[in-house]
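In the two complexes below, chain A is the common chain; its partner is chain B in one and chain C in the other.
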Partner chain A sequence: MNYWVQRLTASIMLLLAVSMLTFGAMNLLGDPLFNILGPAAADTKPESLEKVAAAKELYHLDRPLPERYVRWLGDMVTGDFGVQFSSTGQPPVSDLVVERFPRSLTLLVMAQLLASMIAIPWALITAARANRPADRISTINSFLLIAMPNFALAVILKYIFGIKLGWFPLTFKATDPWLTRIYQTFLPALTIALPAAAVYQRLLRTDLITTLQEDFILMARSKGVSRRRVLLRHALRPSLFSFITVFGINTGALIGGSLIVESIFRIPGLGSAIVEAILREDFPVVLAIVMIITTAFVIVNVVVDIVYTLIDPRVRR
Partner chain B sequence: MSGLQTDGRVEQGRLLTVENLSTTFATERGPVRAVDQVSLSLDRGQALGIVGESGSGKTVLSRSIMGLLPSTARREGSIRFGDHELLGSGAVDMSKLWGREMSMVFQNPMVSLNPVMRIGEQIAEPLRIHLGMSRRDARATTVRLLRDVRIPEPERRVDQYPHELSGGMRQRVMIAITLACGPTLLFADEPTTALDVTVQAQILDLIAEQREERNMSVVLVTHDLGVVAGHTDVIAVMYGGRLVEVAPTAVLFADMRMPYTEALLQSIPRLDQPSHTRLTAIPGRPPDLLDPPRGCAFAPRCAFARDRCREEAPTLTPADNPEHRFACWYPVGSAEYLETRERIASGLTIGGRS
Partner chain C sequence: MSDTITKRLGPLFWLAVGWLAIVSLLALFAPWLPIKDPDSYFLVRGERPPYSPSGTHWFGTDQDARDMFARIIYGARVSLVIGFVAIAFGMVVGGTAGIVAGYLRGRTDKVVSFIFIVFLSFPSLVLAILITALLDRGLVTIALTLGVLAVAPVGRLARATTLAYADREFVTAARAIGAGDRRIIVRELLPNVVIPMGALALLGMAVAIVAEGGLAFLGLSVEKGPTWGKLILIGAGSRELEKSPWIAFGPIIVLFLTVLALNYAGDRIRSYYDVREIGL
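Now for the complex of A and B:
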């Protein structure tokens, strides 16, 4: 119980620290007024000055930094991320996030599911045949996948499955029904999943090989348990730790969307949103996305710790 | 095939016959013959002790009989279990016998149980696989088995994990697993080495008691002659992958002929000696099996070895008692042995001590 209170406190401190640093850093970067007002921001004409003063008041840019931070924080905890720093300020940042976040999340969930579905059987098969020809060929393939740049893999998959075979659509349409959009997300998800699966397979294979040397595996064999059952029922579960750890880190990293994959497959997700926002010095959007990513990392870490205790009873306290 | 259990099961008489069994491991530095031309037999209900120091091949021998070896190992010879040949073409599917007709208690209970599986599941696994028991029946049998091996509160223990049990309790769980399907042959590979001295006797007594109750044959593998003394009918002493002395337990202790056996016995600390008596160790190290010596493998470490020992390997042959076989040119009690002992006693030594 005490442990979870500590975890919660640490998580809140982390979120506060990240928000402060991002808030401060963004304000060092430049003058958002230019994006709100256009050239008028630099004008000295009386009517321009008036506009500047009005905008400053509207966006609270005339207030000192700490006050603006506290105001932003207060709004944020109620789910209001403020207005965009653009000429219209529309749509509100919260709406933008609500529109784009599900796309990145779908991509993430699909990619991770695909990666696990590929990596786990792959690791089981190669670990059972460690250092034999099939395993060696698999090792070459997995390093190839890990070494290949994301955009190259995206283009290759797009060319083969999208253009040549025509199995999957080439682009994403936000107006299509959700089932169609999931179908459209398959190729980009696979682009993320393949190298991830290769990494997961490497980790899981190594841990499985170590586990298979354990005495309790020989014991299980001597009970007359089949090789297949030994792998699935005895060896897999205690071998999942590195895999789960990296799976968690990857989940956190992919929550913010994958910029390259989102661009190539034209999915307007969080990845493209944050890059656009940084270029436009659109502070509220950047802050909102950073907070989402940070929160996701915190949650994923807690979930990973819970999964550890589910896998191994010795971790429970 | 029937998978035994009922059909063709040996109810009495000869259960296991091993003939000229050799096990060779392919290693990077060349072939290692860990078991060399071993022949032995075991009747139903009998207990055989295999004794030797580390590296003598006793564990490999027991695993060779059971077929629990890595893929780098190669077995030659013959192993007959009941009516079934376990080696070569037409050999039976071992995974059908494992856990059902023969099973093995491993040395270290701390690492031989699956840490992430409840002990009840681990005991129930062979019951469900071999006997096709339902989950409920398997659980009931599991509780009964835990009671048989004297684990208190078995209903609560079945749902615990190995780390919640002491070493002795874990070894009892391991014995419960091996007994689950009522095997005719039980291997116990150093079953007490990893345990507290106080627990050791209890575990050995438990195995003996279950052997009696089930008319089960037991192969007890140990480095400790003291352990086999009270718990076996026959003892086979191993050195360098070979059997060097085989005899009924009482005969062996009354009249051991191989100087190696004698040295093993002398290396056991004794209660009747004053405390801080220096332990007698056997000098030197076990032979290098990559390049085994030409003559008797024990000759380089044997105080009684002569030229013939280093040139020519003695074979396992019976002397006066046909049940007592040993491989030694100058056995304990022979004229040459007595002569050498005399010289050692008078402070003179001849070559051979390394």
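Now for the complex of A and C:
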């Protein structure tokens, strides 16, 4: 119990630190007035100055930084991300997030599912044939895949499956029915999934090979359990630890990579939203998305811990 | 002696090092080499660019009839400098912080470790976008931004390695004969921490070069001149890929081989010195 309280405190501290860092950096380095008012922000004419003063008051920019931070934090905790820093302030940031978030989530979930679906059978097959030619070739392949930058892989997959073979569409329409959109998301998801699958396969294969040398595997085999059943029923579960840890840690890295993949395949998700917002110096949008990404990261890590205790009763305290 | 080293590092390692040497030398001496001017337009009368690869243009030309081979070499200048400066910054700052934290422990360690965790849990690309968008997009800014991102991973490795060595007999012995903290850190700990960090540096350089490409795809890379990321981006549109795939694939192949060589060399050095991944 004590352990979970500690975990929770650390997570909250982390979220506070990230939010302060982002909030501080954006406000010290950027100037949102230009985006709200346009060229008038730099004018010295009396009517422009009036506008600037009005905008400052409306968006609370005339307040000291700590006060603005606390105000923002209070709103955010209650689920209100504030207004956009644009001429109209519409739509509210929360609406934008609600519109964009599901697309990014779908992409990420699909990518991780694909990665696991590729990695687990791949690892099982190579572990069963460890150090034979098939395994050697697969090791080289996974090394190549891990070194491949995601944008390069995106271009290659787009070229082969989108243009040469024409199997997948190269556009994403938000108005299409969801099954079509899933189909349109497949290629970007595969781009994210392939290198991730290679990482997972390498880990899982090593752990499987270690597990296969244990006494209980020999025991099962000598009882007459088939090789296939030993592999699936006896060896897989105790070998899943590092896989699950890295699966969690990797989610954070994949979120970063998906920003680029989203922009190459033109999926209007959180990735494109944050890039646009940063270029416009639209602070509330950037803050909202950074907080969502970091929170997701923290949650995934806690879930990984919980799954640990489910797989291995020994970890329960 | 050199024979055994060759055997254990393997011929592929030297192939990787060779490739890195060739790319670096070409980049370094680009202005004095007999290659085409990367910014000239080699228009051929009656034919519309882009031109496919040929004897005159080994890697073809882009939509403006500029020579891709020359542009890739000039792009290497920017991409390699970014990779090198970024990881050098990460090594100096992260390495120092990590070793000091691992050696002193206590409160210093707690604070430094927490800072590392904050940076590691921040999606690094978001941080890079944030800094490059708010500051300018010069070579130095982007290289240093990626350097800041390298601080936490390098620092964590340095700290973990230091922790593993700080209690060993030779450190205790040094302290027993009256060596101060500074001397122990520089003379006893640093030589042991440098090798795993060197392996990580090669991997980190690859990461930084790839990160530049990622920034280019978001429109946030170095503004002036070609970089590998920008070259790939120019050829990555659907129409360009269909009509003139060589524009994207030339730089992709060079970039990929370079990243692969860095990864492989780093990997080999790590297993050669039998460095375990302590606490990673």
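We take it that the second predicted complex is superposed on the first by the 311 of 317 C-alpha atoms of A that agree within 3 Å, B and C clash if a C-alpha of one lies under 4 Å from a C-alpha of the other, contacts with A are read in each partner's own complex, and residues count from 1 in each chain.
Keep in mind that, in the parts below, contacts are C-beta pairs under 8 Å (C-beta built on N, C-alpha and C of every residue); 3 or more make two chains touch, one makes a residue touch a chain.
Here the structure is a predicted model, which means the values were calculated and not measured.
Room for both chain B and chain C is found when the two structures are superposed via chain A, with no clash between them. Once chain A of one complex is fitted onto chain A of the other, the partner contacts of A:181 are absent, as it touches neither chain B nor chain C. After overlaying the two complexes on the shared chain, residue contacts for A:202 are found with neither chain B nor chain C.
Legend: residue contacts after superposition of the two complexes on their common chain; A:220 is shown touching chain B, with no touch to chain C. When both complexes are overlaid on chain A, the residue A:103 reaches neither chain B nor chain C. Counting the residues of chain A that each partner touches, chain B and chain C differ, and the larger count belongs to C. By the document's definition of touching, neither partner reaches A:51: not chain B, not chain C.
Judged by the touch definition given at the top, the superposed model places A:237 against chain B, while chain C stays out of reach. With chain A fitted onto itself, chain B and chain C come no nearer than 17 Å, counting C-alpha atoms only.
Residues 13-14, 17-18, 21-22, 25-26, 29-30, 143-144, 146-152, 154-156, 158-159, 162-163, 170, 252, 255-257, 259-260, 263-264, 274-275, 278-279, 281, 286, 289-290, 293-294, 297-298 of chain A are the ones that touch chain C when the two sit in their complex. On the chain A side of its complex with chain B, the touching residues are 214-216, 218-226, 229, 233-234, 237-238, 311-314. Partner chain A is touched in their complex by these residues of chain B: 66, 68, 95-100, 103-104, 106, 108, 111-117, 125-126, 129-130, 161, 163, 174, 177. By the touch criterion given at the top, residues 114, 117-118, 121-126, 129-131, 133-135, 206, 210, 213-214, 217-219, 229, 232, 235-236, 238, 241-242, 245, 248, 252, 255-256, 259-260, 263-264 of chain C touch chain A in their complex.
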